[in-house]
Amino acid sequence: MTTTITNSKNIIGFSVLGLGTLLGLVSVGYVLMIGHSNAYNLTRQIPWGILISTYVFFAVSCSGLCLVSSLGHVFGIKEFEAIGKRAILVAILALLTGFGVIAMELDHPFRMAIWVILSPNPLSAIWWMGTLYGLYLILLCIELYAFIKENHRLASLVGLVGFVVAISACSNLGAVFGLLEARPFWHGPYLPIFFILSALVSGCALLALIVYFNHSLRGIEMPPEYKKFMITLGKLQALLLGILLFFIIWKIIPGLYEKYPGIYEATMAALSGKLSFNFWFFEAFLGLILPFILLLNNSTRTPFGVMLAGLLTTVGVFFMRYDMVIAGQIVPMRISDGGKATGVLHYVPSVAEMGIVIGSICACLFVYVLIEKKFDLSHTGHH
Amino acid sequence: MYRNGLLMSVLVVVCMSVGLALAADGGNSKKGKYLWKTNCKTCHVEGGGASVLSPSSKTTKEWTEFFDKNTNPVIMEKCKKFPEANLKDIRTYMIEHAKDSDQPETCG
Amino acid sequence: MTLKPSKGISRRKFMLLSACAAVGFGTMSIGKRFQALAASKDIIPLSDLGNRDVFTTCGMCVNKCGVIARVRNGVIEKLDPNPYFLKSRSMLCARGNAGVDSVYSPDRLKYPMIRTGQRGEGKFRRASWDEALDLVVKNLSDLAEKYGRAGTVFVSSEEFQEHFFTTFAECYGSPNTLRHPSLCLSSNIQGFGATFGTNPTPDVLNTDYIIMSGANRSEALITPDSIDMLTGSGGRRKLVYLDPRFTKTAAKADEWFPIRPGTDMAFILAMIHVIVKENLYDRKFVEEQTEGFDKLVPHIEAYSPEWAAAKCEIPAEDIRRIAREFAMAAPKAVYYQGRRSSFFDNDTQMRRAMAILNAIIGNWDKIGGMVPNSQIPLEGHEFVAPFYEDIPERLEANAATYLSEKDGSWKYFRDRVLEQKPYPVKGMMIYKQNPLVSVANREKTLKMMEQMEFICTIDITMNDTACYSDVLLPEATYLEREDPIESLGGIHPVLVWREPCIKPMYESRPNLWIMQELAKRMGDEMSASFNYTMQEYREHQVKNNPEILKALKEKGVYYEKDTPTYGQTIGKKLKTKSGKIEIFSQKYADKGLDPLPVYKHPESGPAGQYRLILGRTAYMTHGTTANNAFLFDIMSENHIWLHTSEAMKKGLKDGQMVKVKSPLTTESLRLLITEKIRPDCVYLSHGFGVLSKGQRLIFGKGGSDAALVEDFVEPISGNMAMHHTFVEVTAA
Amino acid sequence: MKKKRFAMVFDISKCIDCKACTVACKAENNIPLVKDNYRNWITEGPLRGKYPKLGQSYIPGQCMQCANPPCEHVCPTSATYVNVDGIVLVDNKKCIGCKYCMTACPYDARYYNEKTGAVDKCTFCVQRTSVGRIPACVETCPTKVRVFGDLNDPESEVSKLLTKHPYRVEKPEIGTQPFLFYLV
């Protein structure tokens, strides 16, 4: 009985993910056929859209997964040791997906591969981003290998290096935005630091999802050690969300305080303008406040509650990345419509952009679930 | 205010131009142009032997005098070769396109 | 642009070549520029046919600026301004730069075409030149037989090869040639002509005080005025600008007054009032060189600034002050008459008032004043048109008081075609005019064309008029043609010509060739009038000074002196009856017209309606350039302007679609809400809302002013009066 | 030969927003005629005052050819570089289309050119200036708003203008050190 239910669930699940992946592939084909400028709703004023924010979502999630899992195999916190291998695997998948998404955003991903090496510019945050995440991918692969081979020495050594690189990579990704003096909403040291914190939040949220769904997917009761892990994770996440809340509040207040041009308009766009629904509903309510309440409350801080909080936070973080990327560009660099009241710019992702985003998420999940089905990762490797 | 003046000047002009108007009347300007071009103009150009002449060389008044009160024996002799009606056509053409004619300037 | 081969590669070869720059080029003297051009090998010799720089003349608008066409590998890559061409102050505007697209546009007329579908349906079949020309000649002969030679009207507009078209009309024997001035400046010519005997040019470069009313020089570009308006000498220059709109000229003016449309004459008469009353006029000049000042004095008695202020809504103290400043600046002061003057039905008299105001401050033929045009004389190419008996007068003869026998009056002519009186006109030959876009009341033009038995259009593109024609003959564009030498008159007269940059594309042919082929088919007598090549024609034009040809070849322009000459008419008789400047026009009195301008207040519109005013942008020439890819890129539709306060009242939003309803029709177009217009007016720019699907870029874009505007007329000159239409604006 | 420092000086009081510069640039540099594709522009300044007392300026602009160009700093493959005459250029073959330079430019001076497959911008018409000619926009400008020249040459028109007249640059606070100067 349970098997049939699980099976039919599986079939539905796989079909949904498969269809999503297919949608992504169709979108990719469409873009390759008609060209970026026709397929994407990007303009010279908003050159970065949802593909960039989705890449950021995946890349930072990847960093976050490793940072949180390193609590186990690098810093030796027992509860966290159980999830090391899975975290690494998902991190690799997330990063590869992120690379895939950004390859669709770049007009010449192959040129990049050549000229990033032949003609490097170490002043460029994107050059460092490519280098660090490239290095990081290699480290992740070694780490996964070490886990599979149960080489703990190697795992914790690579884990330590990986920890440093993960923080460098994700904070550097923040610096990709933060170094731009032209974009006052992004500019400054805030984003690199914020990216480290939000990586941790993402990592915790994803881990909760991974652990929970692994058991429910297989239709097996969650062992006590995992239950314990989920509760600890919930507590940690509550702490992180509390800190994140203040990060966000302190991003808003200076934005309004002096009405600094560029920052004020962008902040207002988030609070009451074009991005306000995203901000209040997805980012603040779904992503932050609701999970925070769920995790603070003892009665809801159950494995299911922690998973639910993780799911909500993940959705919230996805929109957080989007809002951050768009808000930074939404204020025009020059006034171009004369006497009229100048508004903020307009951007809505095109069908192709959405298709690629949905496809990438589905593909990532699809591959992950497939691997989980084929290989037994639950073996934690500790005696 | 100026009505009196207007009336006066209308009268004066009417009197002055009665003869002119009568004389110009009846000629075919287009035919005059054709005749002028085919008979007279060949000489009345630079290097043509005669003085360079075109309708806009003279004012209406000057043309009228030229045709009506001309005493120059050379010109009288030349004009004789045209029948009266043709001369009238040429006269009409010249007057209608005189320097101070009512023909407005054009553009382009 | 699809037809244009890529030029990126050859260009990039030049990149990063070591620099040896002659900087500050733009500010050099002409002579130095010449040396620099030669030294930098900037100009490629003509001997290399594939790659060469051709000195020719722009054809994108009426100004005819000097152009150097850079031809590379047989393609015109870029049009650059000709630094020798003084009149345009070595510039090229947006349209001039966009000229390449007139050659390479996919919407060009490429082959002779014969209509297959209904008129206006846009269905044509490709024909050979022989077939098309034979068909035209057959129709012209049939029409002559059926309705007489006056039964065909020859419609054309200014162009270096227009002369051949009017020659053809004359040889064919039709008195009915219909040109553009009665849609443009004929009231202006009439008003100034009646006063000065000619329409002079304001010496904008050297004047200290300019008043412009409705002459939007920043957008309706006229060389060199648009440039000189801003670069005047000495820093004492003042520009006063009257316009119901805050145009780009208003933005450059020292003072802008949103005058009530149609009341300019009140402002001018009040200025005259002040200048006369306060004895600020040039007494000596007035006594010596004008006629009828004594009649002016009592005439302007009632036209006080206070009286005018109530009419034109410019405060009396401003009028008084401006009048004084204007007179103080004399003779370096001009009341600029502008160009298009088809505004109101009293326009000729309004221009007369302008002329009189200029006359009394004695700015005539002086530096910084009103200067009669000079012209470098060209020998005409002699031809003798056959004479046909029993050719009637022009169709609309005597309709207007003073009708130009060549130009006619569109308004009166079209009305009489529709009435079929005094005789029917059933044939239409069209060269370079696009009446469906340019003539007010499009419905009437369509009716006029519908009743034609035959319409032939010679043009370069499938515009609306071409679309409603029976036979289309593709002309070569100005960049493909060898054109006669043209004498451009003005303060500083020049001669220009056109040299072909490339061979005519497709099967397009120059108009001279088309006319010669038609004439050949019409018979020997007509053919004799076209018995020359373009080269011979040019040689005839300059037979007294063959040096001109050499200069034109080298520099694309010929002028006799580096500086203008002033005062050539001083002490000589003007072309008026009295030989003097006629403040009081006896000639008008004789015709029963007001001999001195009498103010007539424009009617007010119905409540809730707006006066529709028309105008231009700097990137469009009339109805001819909207479909140009470069210019479409800048302006892809026209908007109806409405003042913020009115839009607020109506609850209309910026950018929304609105219906504009005139007594004639309704057009839908996008709304532009702005502070830059009088609240009782709306404005629409020209050239959009076309009917022809053959103009693929702009079809379906914007609205047509020609469809909305009623065809009122100025009866002295026969000029259209296009600002008498009131419209409703409602949400679409 | 002495190094050059090309610069442009604008007298915006003369600008009538006729767009000759924009079209000249597109024709000269073969810029695909698609919306958003342009190297130079004229913006309408804010309308000053209330009807009927109004004022407005028209402000031409293009790549500021910064001495401290953020676009160059951010380019991961050094596709954006500064040439010997101080002109900021893009090496098309190295451009990966990441558009980082577009987000980094405080002047919105760059666009992505689908035809060349690279980010494109004003080059001071390097194909002309490198052989001693002046940029197309400068040459064609009807009212001669624009003056182009070498600031390293004290005799050049631009040098003289900048010593004689007060001027401003766009967004000086960002520290880009633009070489487009606006007379005030």
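Note that the chains are named A, B, C and D in the order they appear, and that numbering of residues resets to 1 at the start of each chain.
The rule is short, and it goes like this: a contact is a pair of C-beta atoms (placed from the backbone, for glycine too) under 8 Å apart; a residue touches a chain by one contact, two chains touch by 3 or more.
Since the model is a prediction, treat every value here as computed from it, not as a measurement.
Participant: In this assembly, which chains make contact with subunit B and also with subunit C?
Facilitator: Touching subunit B and subunit C alike: no chains returned.
Participant: Between C-D and A-D, flag the pair that has more C-beta pairs in contact.
Facilitator: More C-beta contacts join the chains of C-D.
Participant: Using CA atom averages as chain centres, what separation in Å is found between subunit A and subunit B?
Facilitator: A distance of 95 Å separates the two centres.
Participant: Return the distance between the CA-based centres of subunit C and subunit D, expressed in whole Å.
Facilitator: The separation of the two C-alpha centroids amounts to 34 Å.
Participant: Taking the mean of the CA coordinates per chain, how far is subunit A from subunit D in Å?
Facilitator: 38
Participant: Centroid from C-alpha atoms only, then distance subunit B to subunit D, rounded to Å. What do you get?
Facilitator: Inter-chain centre distance comes to 63 Å.
Participant: What residues in subunit A touch two or more of the other chains?
Facilitator: Touching at least two other chains: 339.
Participant: Which subunit B residues sit where two or more other chains touch them?
Facilitator: As it turns out, subunit B has no residue touching two or more other chains.
Participant: Note the residues in subunit D that touch 2 or more other chains, in rising order.
Facilitator: 47, 56
Participant: Subunit C touches which residues of subunit D in the complex?
Facilitator: Touch residues, subunit D against subunit C: 1, 4, 13-14, 16-20, 22-24, 26-30, 33, 35, 47, 50-52, 54-58, 83-85, 89, 115-116, 123, 126-134, 136, 138-144, 146-150, 153, 156-158.
Participant: Which of the residues in subunit C end up touching subunit D in this complex?
Facilitator: 1, 6-8, 11-12, 14-27, 36, 39-42, 78-81, 88-98, 100, 218-219, 221, 226-227, 230-231, 246, 248-252, 256-258, 618-619, 629-634, 643-644, 675-676, 679
Participant: Over in the complex, which subunit C residues touch subunit B? Could you list them?
Facilitator: 62, 157-159, 162, 175, 179-181, 184-186, 189-190, 193, 197-199, 295, 298-299, 301, 379, 382, 384-387, 391, 402, 404-407, 544, 573, 575-577, 579, 586-587, 589-590, 595-596, 717
Participant: For the complex, which residues does subunit D have touching subunit A?
Facilitator: For subunit D paired with subunit A, touching residues are 34, 36-37, 41, 43-47, 56, 61, 70, 73-79, 93-100, 102-108, 110-112, 114, 117, 174-175.
Participant: Enumerate the contact residues on subunit B facing subunit C in the complex.
Facilitator: Against subunit C, the touching part of subunit B is residues 1-2, 5-6, 9-10, 13-14, 30-31, 33-34, 37-38, 41, 45-46, 59-60, 99-100, 102-108.
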